[in-house]
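Note that the chains are named A, B, C and D in the order they appear, and that numbering of residues resets to 1 at the start of each chain.
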């Protein structure tokens, strides 16, 4: 098993004829992903890399049975693309696009509450279940199939850590990049709960960073709800404080959003917290050893 | 048992100090309803008929534990009052107000999808569970406790039929006036499903009228999902056709919205359909006789 | 509230919809001058709050001011489905390439706005809906989210449009949705929406219905209400918050609540009678309203008896009884009135009536009995 | 993008918020003239994109044009938390009765706008939040529904306001939410919002931050970007779509993705080094961007070695390698550069580097090794 995407995934690529869309469609296909359709308004009827292109997601879904989509359209049109996928009944929507206005995303996530879909991102690397489906821009060569679930706010840091895992002979069930934007579709907790429910996932890795309090909330969730061991890593111990105007931000987060504060919260919740990417792989090996 | 309102109901009256609000608060209290709070912005701190008045629903709920509300505020402010009750966590919201703009109600019912509350109305007589709770403007004297659930689009016609039932010695579990407006919070089907789930309700009476196709949809639901016998009555066999401009309405309803068409759909679904209010009581007696 | 074509177009223009130039005319002479001003071929279109004017001869295309005057002379005063034509709209011409149907209405079941679009415009769209339903694209809009760009594209692509026509129709739909929302419309319908040979997208006809309940926040639209076009009795009823409808029989019906009134009509018919009219006094009617309602119902000369059927919820029996007595006293009505009173404060109402019963008033216990009695009395001739 | 007080107020005025009259001045002479025009008591307020200017002496209340000139002379050129004051805002006075705190921001966890209101305005609100949290009213707004009238009432009643002040604060909140939404703001903060003795509700200070991602649809706001106030290197990086931050150590860091860059900083610190700066080339960086990034990082005189840490996703290893070679060629950089390349097309990238390795470039297999090597080289002194 895996979470979110697997052998049943019938993928649709929104923005398939754009530069990034085209490049990654090819790579996702090479990873064995079942890419059934592409959408670019006005280019319906064409074919791209053997994938039929449609004008609208609805049309593409009706004709190909697509059940997941990945979005590469430019920021001004990306929220609309997400709405389109949600309304067409996709179960997983993965938005790679970086730079979507925060207010657009608040509207999208509000709407998401009445949908049963999972939105990953935006501004994320996507989701990859090794040797099952690659709905991402992640470099597939660093992955290996296995039992560790990875969830991360950061793209390249995920690659770094997955790479360390694979080099140690530890494979992954699914890796999910949830994205680093202020407003994202799916938070740590939702992904962790999916890993918890996945019989194949024997250990979860959570990769966080400074800012917000998502890691603290996740720590509380892990403590109270999870049986699966969790290894965490937080980046940004030496990063300079972000400059934000006004006081509202500090009042809202209601606590420290530093890497120290986050690591402390993780440890207090009994989570193994690594201090650098290489240590993550060590702690995972340790956790897997204990649990087996 | 009963549906929607019962002995556990702790009622809040929005617009308690207005003419209608005041009159019916008194009557609801006289029916033994546990009216715990009233809300009229700017009159917080006062008392009305022994009921404490608050400025906001949230405040009222926090201090009195109200779990249901009934709304008597004027049309321009009624949608806002519904939002306020929904956000304060009411499980049942009953909006008596007539004349709320349709676009306001579309926004409300859209929002309702993310809430677990049941909105009854607007432009409805409310909900009454005899000798348990009266969250309505219905004349309680005509009711008697019993096992027949009544659901109706029409206010006065409900009274007429409940009266006939009571005079025949047939009591009611709960009577629900869902309202006659184009956009209402709760349709026949949702109420019928509650009656179906209520062990006390042994027969359901559905009172419809011309316009729309809610009765046909309900008939289909009764046919496929309900064990409880249903008796129906549709008013408007001799009513003149409503004048509507344009063709969109006819295309949307996609079929006849006449009383004949509705009655036919009901009979085709195996529902006992009465031709006048008195016959309803006869058919209910028949249905109860069969089921017992 | 239904708007005339010219009023609807005026409103839609504010939202960016393109129409042809046009002038309203109340006389043939005005129509001639309008045609002179507009120049070239013009259409003379009857302004009535109903459909089917084309088939009824309410639209003529003419090519000179003289013909315009003549056509207007024929159309003005015409009766179209019970509506008298009192104004025509004189509108410029266009070279039409394609015709579409576009509307937005409120879908009661889905509780959302519904867009209907068809490339089979300009014809009987209800027939298209029946015989060729796939020719009509249906699209719901989430009222909180609003119309999304992808939805506009869905319509445009489904219609097989490209280039300027696609852009124009897309823009029209976007603007029409804004209008629908801002105006609190329950219907905006454009049939036909046309693409001209020079690529413009024009609103050739417009039906706009604004939700009556929203008129308090649309004073400028409320002011458009055409008092002259309304039935004088219906108008009088409306002004005091009552609903009155004229029918063809001889039993006048007064009741509270649409459902009970409709049911009363049915029961009267089952008793072998025919309703002459009905007046719904609604919820919370007071003595003054009851009095006016009785006055309106009995002002119809065909009425031979009145059936007064009240089941009180908000409406209180005592006020009903007082209203009835006041009305009888004021108007000196001698027609037989059958009263059936139940519900809130009914007992007190019945007591008031019993103490002061005028000769022409009889009371009945049940709705069925009251209907039978009223039908009987009407048959005997009340006047 | 952060806006200066005077810019924020200008925008908020368009939404109906009331402010005092004010004039921006770049010189003491301009401040004197502004004070003459405004008359009476005026405040001279440093315009800087940071908080705490009051404590730093950046605000002076004066009662004559001469004093205004003198105060402006002292404030202009002042350094407030690393920001040089280049403009002051000369603002009229008011008789303050009460002070409130009002802000709307984006709550990441709730994914909704959050309104914060406190009657304890004009003071250190973060301290209030810690010591007296019940003094701050918090209210989320559903972004699709928008701010509802009942929510405005909740704020107003919670503040214990009545009469004109209640109306004024309510109206201010309603307008502020409109502004927040329309302007794509991530923060609008008014501290203090004051009620004057004559009952007016005034925005006395305004902090407005507009979401950078939305600037494409707010050209007029984007144009307010103060190029002068930005670090020249940061500015240069921004112009080509890179993020650059200056720090204090001696290892220059180049990486892709905020997470990997932050982790690189941490690992460098763990290896006993200190980052001099960092540049995030983001996703999909091409040869041109890599080249500019290297140029910017090495332009810092403190940099003794460069750590080049790329793990390719969208960023492709071959382009990175080519960018690096181009940059070295163009700039003639001789500083030691430690390269660690992994991910998409990394193999090809490593091949390109291996074929053309300049003398000062060394490659390492792992991030940890690369960090250690860079720290070592920096310690040895690269320049």
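Everything that follows uses one rule, which is that contacts are C-beta pairs under 8 Å (C-beta built on N, C-alpha and C of every residue); 3 or more make two chains touch, one makes a residue touch a chain.
What you are looking at is a predicted structure, and each value in this text was computed from that prediction instead of being measured.
Participant: Show me the overlap between the contact partners of subunit A and those of subunit C.
Facilitator: Common contact partners of subunit A and subunit C, which must touch each of the two, are B, D.
Participant: Applying the touch definition from the top, give me the chains sitting in contact with each of subunit B and subunit D.
Facilitator: A, C
Participant: Quick check for the class: compute each chain's Cα centroid; which one is farthest from the centroid of subunit C?
Facilitator: D
Participant: At what distance in angstrom does the C-alpha mean of subunit D lie from that of subunit A?
Facilitator: Distance between chain centres: 27 Å.
Participant: Per the centroid of Cα atoms for each chain, what is the distance between subunit C and subunit D, given in Å?
Facilitator: Chain centroid spacing, subunit C to subunit D, equals 57 Å.
Participant: Between subunit A and subunit B, tell me the centre distance in angstrom, where each centre is the average of that chain's C-alpha atoms.
Facilitator: 45
Participant: Can you tell me which residues of subunit C touch two or more of the remaining chains?
Facilitator: 142, 144-145
Participant: Two or more other chains in contact with one residue: find those residues in subunit A.
Facilitator: If we look for residues of subunit A contacting two or more partner chains, we find 107, 111.
Participant: What's the contact topology between the chains, one of line, ring, star, complete, other?
Facilitator: complete
Participant: Can you check the complex and tell me which residues of subunit D touch subunit B?
Facilitator: So the residues of subunit D touching subunit B come out as 142, 145, 148-150, 153-154, 157.
Participant: Where on subunit A does subunit D make contact in their complex?
Facilitator: Spelled out, the residues of subunit A in touch with subunit D are 20, 24, 27, 75-76, 98-103, 105-107, 109-111, 125, 137-139, 142, 152-160, 163, 180, 182-183, 207, 209-210, 212-214, 217, 233, 235-240, 243-254, 259, 275-278.
Participant: Contact residues on subunit C for subunit B in the complex?
Facilitator: 2, 49-51, 103-109, 111-114, 116, 125-126, 129, 136, 142-144, 181, 184, 186-187, 189, 191, 207, 209, 211, 213-214, 216-217, 245, 247, 255-260, 262-263, 265-270, 275, 282-284, 310-315, 342-344, 346, 366-368
Participant: Under the touch definition given earlier, write down the residues of subunit B that touch subunit D in their complex.
Facilitator: By the definition above, subunit B touches subunit D via 41, 44, 55-59, 77, 80-81, 83-84, 87, 107, 111.
Participant: Which residues, counting only subunit B, touch subunit A once they are in their complex?
Facilitator: For subunit B paired with subunit A, touching residues are 113-114.
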